[in-house]
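Heads up, the next two complexes both have chain A, just with different partners, chain B and then chain C.
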Partner chain A sequence: MSDRMTPAARGDRVLAGYAWLVLALLVLPLIALIPISLGDSPTVSVLPDKLSLRWYREVLGGAEWRSAFWWSLATASVATLISTSIGYLGAYAIVHSQSRLKGMLEVLMLMPMMVPTVIVAFSTYVLATWMPANATWLMISVGQGLLGLPVATLIIAASLRGIDGTVIRAAVSLGGDRRQVFAFVTLPMAIHGIVSAAALSFLIAFDELLIAVFLTRPGIETLPVRIYDSVTYELTPAIAVVSVFLMALVCLAMLAGEVIRRLAANAAVNAPQ
Partner chain B sequence: MSDASLSPTVAPRRFLSSLAELQWLGVAVILVFLGVTFIAPLAKVLLLSVTGDDGGATLENFRGLLATSSLRPVLLQTAVTSLEVTLACLVIGYPAAIYLSRLNGWRASLTSVAILFPFLTSSLVRTFVFIVLLGRNGVFNSALEWLGVPGAPFKLLFNQIGVVIGMTYVLLPYMLLSLIGTMRKIDHTLLDAARSLGASRARVFWTVYVPLSLPGVAAGAIITTILGFGYFVTPAMMGGPGERMIAQMVEQRILVMYDLPGAATISVVMLVIVLTTYAAAARWLGLSRLMRPQG
Partner chain C sequence: MDMSVADTEAVRVTKSASVHLEAISKSIGGTRILAGVDLDVKAGEFVTLLGPSGSGKTSTLMAIAGFVTPDAGRITVGGRDVTALPPGRERDMGIVFQNYALFPHMTVAQNVAYPLKVRRLPRAEINKRVGEVLKLVQLDALAHRKPSHLSGGQQQRVALARALVFEPSVLLMDEPMGALDVRLKEELQWEIRRLQRELGATVIYVTHDQNEAMLLSDRVALMRDGLIEQYGPAQDLYRRPKTLFAAQFLGDSNLLTGQLQDGTLRVSGRLLALAPGAEDGLQTGQTYAALLRPEALTATPADAVAHPDGRHVDGVVTDMAFVGQSIRYEVKTGLSEAPLLVQQVARAAHAQLAPGTSARISWDPADIHLIPTGGSDV
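Let's look at the complex of A and B:
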């Protein structure tokens, strides 16, 4: 430390170092999953004695992990469809309605986020008992869709609020009908919000554990359920391999979000005035 | 949109009224969907909690639960754990957020990536890695032994400390996002004004900065406490055998004991606690602020 440094400046430097340390502690444990996944023995270790792709082969070649992945993909995709479409309808009503009841609608849409997840899972379990047994996977999607709904609604509502009403009126007075205005004005201007909402609800559904645990049947097992069971019964680097894939998925989603955001920003700048 | 009637053309007005019809249709779809998939099953859960063995209405479930079962210690344990985790998140997060909220350009982008990446990664994955790191032969204990810390290696797994560490790691991003969102909006000219009026740096911090950041502290603390209260993944994976947290009690009753009225009764107790907290917090801070941890 130089003598010319004031105590305040030194304090700032300590604060900065501390803040970067906290960020490092948030990210480094996840990075540590990469060496763990490259281990050769069945025991998990951050510094494996010998690096190998053994567990990658085991996971990619194993029918159980693959089937779990496909189940997760299927339930999460349908869940995303549910939360994004219902979320859009709700966001539209919340943003454009002048009704006094819209506060109640907002609370209703946010309910699945306020109610503890285990209770949402419990009620989805009850719902599934009312439905035919072969609709179980669809009920998993419905429950996961409910969990993503509040986030989707909030994000889409924020992007709809950002649309200038005069643009819509201009489109209408230029002769656009309802479908054209939606397809060529509202949708492109809200697309960033809709895509972010879809990406977030997909991640929420894809990572969801309790609903899938409650509704799981022989032959229907999602990835989180499989991970949960594996951690409980056999702690192997296979879980780290799956974790690395899940993190790659998150990176992909974040990258896609950023690309869409840039594209939307460019489109807004380049839009004909 | 409200000034549409001032527009010289008639088309927008007709357009808007047709939109209003469509909007009602949308609301109807939402009400039917949520009514069937969420409200009705939730009502059934409430009903289960007041149904006796003979099928009649009774409060016996609640009386039994409060009098005899293990609800009270678990409830206490859950509340203590969620408060400990919230306190840990706040103590760790607050100083870091002060610095991180001041950043611009690529440093700010790096900060949001470093927070959002764990935030979006599956909580199962985040809990799993902590099981590996905190193990007896894990990195954490090895580092402590290497440093010569007396008593190392510690037992950090399958006990309360492990659960608190794991949950703090999982919930810290919520706290950081809430704090940074509020601190970003603090007008730094106010701090300069206080300084130029002769206040010391410490005094400016405690009497100007901290009060201005309180909404973020409150929102972050409430979100962390409520999420921690209902948390399942981390306690179930790191807590060892037994029911440590209330969400595990519900899960055990549904999957292991097949006692749906029991699960419903505990759910109602949980629901009342959580919704009361939300209602009080929403009255104080506004619902929209609570629901947007991104600030």
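Let's look at the complex of A and C:
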């Protein structure tokens, strides 16, 4: 290596080193989970004496963890449905309404972001006590959907704002009724925003702990609650296994998204003549 | 309408309807956008709303389309009152917007099929009609492209096809050539003209381009400050403008202000001869502006042919420009503050007059058109 580097080149190297350091700090704790999950003993160790898939068998084979995973999937899915659909309606009103109450609506839609989550959790809990017991899981979804609402609204509003108003005018003038304009024009043009909003709402709901803790009861336990409990009472590599499993899911989802994006781009370029 | 031509194209606009506007007015936020617009468009007629920006031409079009609700007045299409109808299927109008407003997520064919799809036509019928219309605008080869992969002119044709495919009773076009370059514009203008004549469609077209208006229209409605200033065939507007605004908006003009006296116009102490009948209905002693278009003037060297009195003036050439098919001179004379604009066909045989030389400008009194100045000077 030459000692006669320009100051700019040296600056680049320092910056690159710094970037790698930050990246390492962010990623290392996650990567460390992989060897932990492969341990054989019930104690958590970054460098296990013996590698085995014992905890994988225990977690993936165990009814408790599997049931927690399915509960999480169910509540998060319903929560996604709630925040995306209400978010779309709210966003549409915020973008297109001429009403003077519009500003108030905007604040209202963003409220769950400003109110501490524990308050949302508590009020959901109070509401749930008035509901039949078998609707509890639905109340978890409602609470989690509420948390996803602000982000969903903001993203969908941004994509609705991106639609040229004359395109909608054209759709109306050419004879489409409200439903047709929505189905054939608005929805397809806003679909990127809606899918992003749904994905983020799902992640927020899937990750959510407080509401689920407040509303948890025997037989209804989401994955974050299960993890929390197991950290509190019995710290084993099982948690590392669950974490690795979730990371793998996220990686797969991102990979799938990228593949779909590329396929779509290719299809657009190679459209038949 | 020439049905035999339309028949060969297989697409027929059989429903083309007349449009009638009666005292349409509209204010937005205290500003008067339309101040009582009256307009009569016959079935199958091509009418252009021409005017500077802010004159109300687009607002008038949008009122016909239903996107602007008039405060007062009545709009009828084929005798049917549509004033209160919302925009859309009931109004039965095809609209081509300024920026085309194509659906970016649909192919050309899907864009054109949309008006038929929302009307729930059978798929076979839709495919047949879309194919016909795309052939009509010469886009059948690009049916499966997305709009983003088309040129501006092609997008324009898609918008046109989409507005025509459901055979609307009226076709509305809002400055559809605004974003195109000159050559493409000319090509498309001829094509729109051809299509409109073939289909016999009623077209209401908005533009601020006077040449476009004259090329396309049966009649031109010149708009100013939310009112129609003058309405008639393009030739009338050009040759016999009723106001100074109309004279100056359409084409270049020389305006010479003077008093009407016994069959002549007294301009800066000189008497301009008028054609017989030119003063009919005008008041002797009043101030009028004589409109002489640049192409009605001839510039020759000052010592050339003699002309009868009142049909020529001598001056000094201040500028000369060669613009291909013609030569333009600016000649300073005693008749007006501004130099006279002269435009004549550029022939090799003609002597060119260099700036600084003196020139004689002559004209035929029949080319003079008198406009009331309303007291104000030009």
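The rule is simple: the second predicted complex is superposed on the first by the 242 of 273 C-alpha atoms of A that agree within 3 Å, B and C clash if a C-alpha of one lies under 4 Å from a C-alpha of the other, contacts with A are read in each partner's own complex, and residues count from 1 in each chain.
In this section, a contact is a pair of C-beta atoms (placed from the backbone, for glycine too) under 8 Å apart; a residue touches a chain by one contact, two chains touch by 3 or more.
Bear in mind the structure is a predicted one, so any value in this text is a computation, not a measurement.
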Would you sort A:Ser173 into first (chain B), second (chain C), both or neither based on which partner it touches? both
Answer with first, second, both or neither: which of chain B and chain C does A:Arg161 touch in the superposed model? neither
Please work out whether A:Leu108 is in contact with chain B alone, chain C alone, both, or neither, and reply first, second, both or neither. first
For A:Ser123, using the defined touch cut-off, is the partner it touches chain B, chain C, both, or neither? Pick first, second, both or neither. first
By the touch definition at the top of the document, which applies to A:Phe184: first (chain B), second (chain C), both, or neither? second
The chain contacting more residues of chain A, comparing chain B with chain C, is B
Using the superposition on chain A as set up above, list the residues of chain A that contact both chain B and chain C. 169, 172-173, 175
Considering the complex alone, what residue numbers of chain A touch chain C? 164, 166-167, 169-177, 180, 184-185, 188-189, 268, 271-273
Help me check something: in the complex, which residues belonging to chain C touch chain A? 65-67, 87-89, 91, 93-95, 97-99, 101-105, 107, 114-115, 117-119, 141-142, 144-146, 149, 162-163, 166
In their shared complex, chain B is touched by residues of chain A numbered 8, 12, 15-16, 18-19, 22-23, 26-27, 29-30, 32-33, 36, 44-46, 86, 89-90, 92-93, 96-98, 105-120, 122-127, 130, 142-143, 146, 150, 154, 165, 168-169, 172-173, 175, 178, 181, 200, 203, 206-207, 209-210, 213-214, 224, 227-228, 231-232, 235, 239-240, 243, 246-247, 250-251, 253-254
In their shared complex, chain A is touched by residues of chain B numbered 1-2, 4, 7, 9, 11-12, 15, 18-19, 22-23, 26-27, 29-30, 33-34, 36-38, 40-42, 44-45, 92-93, 95-100, 110-111, 113-118, 120-133, 137-139, 169, 172-173, 176, 201, 226, 229-230, 232-233, 236-237, 247, 250-251, 254-255, 263-264, 267, 270-271, 274-275, 278, 287, 291-292
